[in-house]
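Note that the chains take the letters A, B and C in the order they are written out, and that residue 1 is the start of every chain.
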Amino acid sequence: MSLAAQLIDLLAALLLLMAFAMLAQRRLMALIGLFAFQGALLAASTAVVAWSTGQAHLWWSAGLTALLKAVVLPLVLRRLAVRLAVARDVEPLVNVPTTLLVGIALVVVAFDLALPMAELAGTITRGTLGIAMACVLLSLLMMITRRRAIAQVIGFLSLENGLFFAATGATYGMPMVVELGIALDVLVGVLVFGIFFFRIRETFDSLDVEHLEKLGDRG
Amino acid sequence: MARDASFLLRFAPYCVFGCMVLAASIVPMVATGLPFAPAADVIALVGLLATARVFMALAAMDAGTAFGSMGARREMLVAGLAEPALLMVFFMPSLIVGSTSLTTIVETLAYQPFALHPSLAFAAVAFVMVLLAENARIPVDNPATHLELTMIHEAMLLEYSGRYLALMEWAHALKLMVYAGIGIALFAPWGVSPAGRWDLVPAALAALAAKLFIGGLALAILETVSAKMRIFRAPEFLGMAFLLAVLGMLILLLQGPPR
Amino acid sequence: MSLLLLLVLPLAGAALLALRGERPEAAAVNAIFAGAGLACAAGLALKVVAGGPLVAFGEQFHLDAFNVFLVVLTAFVGFTTALFSRPYMRTEADRERIGARGLRLYHAMYQLFLFTMQLALTTNNLGILWVAMEGATLATVLLVSLYRTPASLEAAWKYFLLCGVGIAQALFGTILLYLAAEKALGAGGTALLWTHLAAVKSGLEPGVLAIAFVFLLTGYGTKVGLVPLHNWLPDAHAEGPTPISAVLSGLLLNVALYAVVRGKVLVDGALGTPLAGRLMMGFGLLTVVVAALFLVRQRDVKRLFAWSSIEHMGLITFAFGMGGAVASFAALLHMTVHSLTKSAIFFAAGHAAQKAGTQAMDGIRGLVSRSPAVGWGLLLGTLAILGVPPFGVFTAEFMILTTAMGRQPWAAPVLLLALGVAFAAVFGRVQAMVFGEPTGEPLKHRPLTAPVFVHLAIVLLLGLWIPPWIAAWYRQAASMLG
């Protein structure tokens, strides 16, 4: 087993760990930090794939990821949190252990789904697809369990991280046009989220999505 | 010493101390091929630690004071959660190596060519969490406190004095040493001298001293930066440890042994 | 050339309107750009119908009978909605529900939305298709919360998150597809091109494609509004401006379904089993039934028709899932007539709600006596959407039901029952709105009802007699879908 494959395995495991840590983290600023770290791990794993396979466009992708996911987005989120005065918020999470157990179950499901596919992924590692899928499912879980708008958005972005990892780890990256398009969408998406935060704040005086549950009972 | 207590109160310190000495003697910290090597099984090790704990809790309740019973109950709460996590942690190197014998694990991990084991990283983090909980360290317990709201381990020793207390405290110190030894054996086994190589023992001792120094430093830093958490958060903390261990195991199963 | 124009025009329109969108003539400019897009689309359609499928710009774009028909439909509904939005948005601006900045945003985003729709339809690259679908969400999400009321914010937030998560699943599906395609086509740019994939579809790894399709279906299915991923749809339709409701129902749902169907073609080729079809039938049937039941409970006119959209999308999904020449033909026909009828209904309902000053159906009464055009438009549109002959919806539903009776006999009674429930639920309410004692105030700007009747006339025509060239066109597309 080559060093690159081992490194990828390690980074993948750490990515999954970050996904779990985000699931259990109550403080918003720490959550943003974890997200930034996850982005950095993602960029590092992309760089390792680029280095080991010698695909030039993956270097670009790694650079883009590092810039966007590890620097720009966390900074934007941090500034948003400060400007919305929710930076010191501690989110009341109920029953973290149960959530984590559900998370474990999701990981098992993801691994089970990914195993047959991993066999035929001829790329340097087999485990990445399962871990990526697990990250995606965990981020979904995080979005479900969170009540604060910013935390939900971070869940959404970390979901995107999982998808990126699937793309680089399992397939050496999508074609460049697609990757650029996705990056653009993510960036615009965060912008729109930002606008949203202010609109929600302006209307409800809070970023708690509890207020956003009035329409539900209308069917 | 309490006059109404049974022989258990006097008997327990010897028992606890004996268990710890035995545990310390099977963990290959300096060299493999120890006299007790055939018995150096990780599951037996967990059993030894559990035996010590049971006697300690029984003795604490034997005195019949409120503090003793409370401490015993809290200790059991922590231990009941820490033990599965500890077992899961042990299973991971066992799976990698294919044996539950500590000697085999250390020999395999120490002398194989360099390899990254992501699952061992998870196990290491989980192990540190278990270590903190089992040895009554911050953030789970505070070994220096005698505050009724927070103490766990100390509450069980309140009835002891004299040589019994000394034995108990010694056993407690040994326990920390055993845990440190396990941690070193599983996650940093470099420098351990192979069986029959007496010439390498001094170097191994030096390496152990260095590792213990680093470990102690890390523990001190960890305890300094973290705050003691409420006792009701302890299950969550240990749940995290268990979860990390399970996660590591899953990753091990998914990624397979190093090819 | 017309393809390039088709894509560049809305972009240029968006840029222009982003700068000057608050001026009174902006609505007309919006309509002109949309109309020019329609001309381009028609030109393209003529070329494709006459000369067969074509690829362009280094194979990045691809047009065949299936998508070019949707291109024309999209451009047409986009154009008529732009016409309708002119008096509608002027009334909204007069009532100060929306300011100058809001209008600018509205017009620019409207063009941008049209661009993403056309890009999604014409691109040959499944990755770009994904990007365009996500772009469509981003373009419309701020429009849903245009009025900045708590309810509209909630609707937009729900829309954004649910569709965002859904579309992320679709991306995962696309990645898996790429993983399988890489094996057959080699790494690089061509492995996501639909034409290449379709050529080698039988050689793709079945296990991966099956899972990829599940992700694609849940992902794009969220945007189609398939139950249980439909939660955003009624809210987004009810709380946004009515023109946006019309294009969401008339265009976005179709395009999302188009993406699903494109995926199905590949998966069918790779698997050789009816797995994809069965999944689509299951989701479609569930959607029809749930939507019919929810229709009964609705109080808000726009929510009512949003649920009706969910119901119809379920039916179309079911038809595509059944597959075969007749069912696919019917599904394509149903896509066309649903999109035309539903946008017509939203035009009429939008004016009706403006007139009554409320979207609650209890507050809208006597439309026929106060403004006959709106009233009759709403009534006829409702009859059409409920599948009353001789409208085109009836033809499509009849074909779907008869095929279902022959091929999936268990499903036919369920569908029939659901359609019956929907009929009773919708017709009773609309009748009360159209007749009865009039309420509300007259509008300052004369409502534009011409698009309503043009749409309904086309639907009627398609019900009575499908012109042979359109039939040939559908048949060509249906045979491609298998």
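Here is the rule we go by: contacts are C-beta pairs under 8 Å (C-beta built on N, C-alpha and C of every residue); 3 or more make two chains touch, one makes a residue touch a chain.
Please read these numbers as outputs of a predicted model, since none were measured by experiment.
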Which chain has its C-alpha centroid farthest away from the centroid of chain B? C
Which two chains meet at the most C-beta pairs? A-C
Central subunit by CA centre of mass proxy: A
Whole-angstrom distance, CA centroid of chain B to CA centroid of chain C, is 63
So, what's the distance in Å between the C-alpha centres of chain C and chain A? 31
If you average the CA atoms of chain A and of chain B, how many Å lie between those two points? 35
What parts of chain B, by residue number, touch at least two of the other chains? none
Along chain A, where are the residues that touch chain B in the complex? 1, 6-7, 9-10, 12-14, 16-17, 20, 24, 96-97, 100-101, 103-104, 107-108, 111, 114-115, 118, 125-127, 130-131
Chain A to chain C touching residues, read off their complex: 113, 116-117, 120-122, 129, 133, 136, 140, 143, 149, 152, 156, 159-160, 163, 166-167, 170-172, 174-178, 181-182, 184-185, 188-189, 192-193, 195-196, 199-200, 202-204, 209, 211-216, 218-219
So in the complex, the part of chain B that touches chain A is made up of which residues? 115-116, 118-119, 121-122, 235-236, 239-240, 243-244, 246-248, 250-251, 253-256, 258-259
Contact residues on chain C for chain A in the complex? 60, 125, 127-128, 130-131, 134-135, 138, 141-142, 145, 148-151, 153-158, 160-161, 164-165, 168, 171-172, 174-176, 178-179, 182-183, 187-189, 191-192, 205, 207-208, 211, 231, 234-235, 239, 294, 297-300, 303
